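One structure is given below, represented as structure tokens, and several questions about it will come after.
Just so it is clear, A, B and C label the chains in written order, and each chain counts residues from 1 on its own.
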């Protein structure tokens, strides 16, 4: 042990490496992160790369799964964690503090911050005042960049490529940030086609539809059964009860697009079924045994991809 | 540091070592776990046995005490912890996710799972889908196997043996899972007698009464004062307000069996008074100074016993 | 790794080193702690001093900021943490357990306890039954000794001395424990003057006013603007909504003493503006860029000071 270990590692980077949305994720960085993730999965990287580093996971919205996967990734890299799993209720937010103030203070304690927050753009706001890297773990119905990265990792691993794929995104595309982020990242690779499968009231936001539509072929349809046979990837999502304004509005939509044995018969043999989880009825548990059901493998991939992101942000 | 440390430790066991109830705890395993616990208490074991391992503590019901004792045990063994102290409220459970799905995902991140859940049988359900050991920290009014183990450890340490004892279990035996589990484990040793001390409405469930009754002498009585002089162990429990259907029903029972100086005068000199804690009036704090009051020593024993259980589950 | 590491470090101190209020903090101990904090800030101390030690942070009231700063301090010293961020709701407290019982049990698991609790005197009560050091992280409207220490550290660092200062404490002095603790600690150094700036309904409690008034010059005024030009330190505090009995009473006071550019023009060039944070409108964010705005530097200092306190309590 040398004396220098007492102080937090020197912060020599002029600008911390933030990951607040899909913008900064160009093809080169994606390739680098996925390759690193594969190395971690294979066991071929130094386990103590983030020894003595501290990660703060600051969650203003509940998400045990995402929080634990980041924290597991940090521990697997030899680091330690400060955890705030209900920052919105039990912290200074309840006393009227701004997100910016909270981030300024936490960035004095930790070497990186993973932030989940209910407002679109919150991660970018945090990054503007933080002295350490800010990694978004979801900004309301905005984006969820590390989820999109692990989705890409899963597609690459399951299907062998990230280009010339026909990917169907189904469900609550208005509120589902994982579908939004994945749509954007699919534009980074050649020849992909996107099928947006949603009822009119849950269409993907115009911001993403327009920017994505300028770069790859996009089809929109409310009819999942019809397009299923044409897909390489069916990416099913949850109807996000917590984002609807009333119970009645939610009830209108829950139950659409339930994937069961019948739908699976329409999906090609080579295709895969993905879901960011948690599911609440959109996929029948009977489907779990189907080899094309990739969602639990997908969840497991989150560990390696988040290790790669933390490693990139902190160890460089 | 070798490269292999990056990956979670290899999972070579075909079936993980679950501990979901008293069933698997035969006399041999109990003896082994208690002996190991004694080694940990004595300081005579390698402190880094679980270095680089990750334990997830997933609590769907509040229990700071039990959670912290498992987490302390993991840290004392050199391991790290992922902690979800209100999984029922802040996690995907609120979004309609099944326990099975949650466990599948967490078992991809951690090397073992400690689960507290309000439903009877939940730990066994979790074990069926988990790829890593599942240790129950209580399944509603079902069982609490590590508590029963630390109770045995305490009895052994205080009285020198686990057989030919007359043990009185008092209080809310209908809802008290610790009393249920301890009753079952006492059948593993010869010559024990059980006195079930409860009002008619709070009798221990027939499932346990029948299986235990087939193996050792069981007496039932509502009269604590009368049987107190005959006991080697008085195991007092809390009336579990949160398990009653109405406040009125709870009020009928709270206050029965308060143990104070007078009752202690009826208890033999060599006997001990135990309580799984927390207490809420069932034992007068005046009793704390009595050398027979073993409950704080009992709580401390939880650390060694949980170290032994985690060590058995993960290091083998 | 030697075998002895398995057991918690031997507890050879007859009386643990508690820090439950400002009483024990005499000039000598303050000097020692601030010097140690400066060593930690400078990186000149062994980072592994608390290796293998466990800190329990038990918070019965929400305070993400304070909890994380203690936990960061523990990790920076090489130690590990057991964290209970809502002990009042999710723990045995909800089942009617006394604070004393909870502390007795936790002190069997951890090597020190950081306690936040809503009742005045709770930390001292905890210390009476704990077998390990108890560090108060605030006892309701009582005291907050580590905050006062980091305030002193900030003043020393910013102004070069701790004596012959004119310090204005502004805002909710009735409920603000940080102001109360700082007032007491300022009496440890020669020649300080205190200006208590509060409306009549929020005056500092008579207990502190009397004891402090016996040792240094105290002026009381409701007029912040008038006294601002005379101050070396303006210590602004939050109106503590959660301590008022009604919303209406809170509304009477919120908004007094808002510090903005105009007030800053009245503050001397050499003076500093402090705030224990979180703020909720008492300081205009426009002020943040003023070099005299010391509150974010102050928050950062909390890390070094809490490292010093934990080191003193556990490593001696």
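In the analysis below, a residue touches a chain if its C-beta (ideal position, glycine included) is under 8 Å from a C-beta of that chain, and two chains touch if they have at least 3 such contacts.
Remember, it's a predicted structure, so these values are computed and weren't measured experimentally.
Novice: Please tell me whether the contact surfaces of chain A and chain B are same or different in residue numbering, using the over-half criterion.
Specialist: Looking at both copies, the contact residues mostly diverge.
Novice: How many degrees of rotation carry the C-alpha atoms of chain A onto those of chain C, rounded to the nearest 5?
Specialist: Rounded to 5 degrees, the superposing rotation is 120 degrees.
Novice: I'd like the Å distance between the centres of chain A and chain B, where a centre is the mean of that chain's Cα atoms.
Specialist: Computed from C-alpha means, the inter-chain centre distance equals 38 Å.
Novice: Can you list the chain B residues in contact with two or more other chains?
Specialist: Only 83, 85-86 qualify.
Novice: In their shared complex, at which residues does chain A touch chain B?
Specialist: So the residues of chain A touching chain B come out as 40-48, 59, 62-65, 67-69, 71-72, 75-77, 83, 85-86, 238, 241-242, 277-281, 285, 296, 299-300, 302-303.
Novice: Okay, in this complex, where on chain C does chain B touch?
Specialist: Touch list, chain C to chain B: 1-8, 52, 54, 56, 58, 80, 82-87, 89-92, 94-98, 100-102, 104-106, 108-110.
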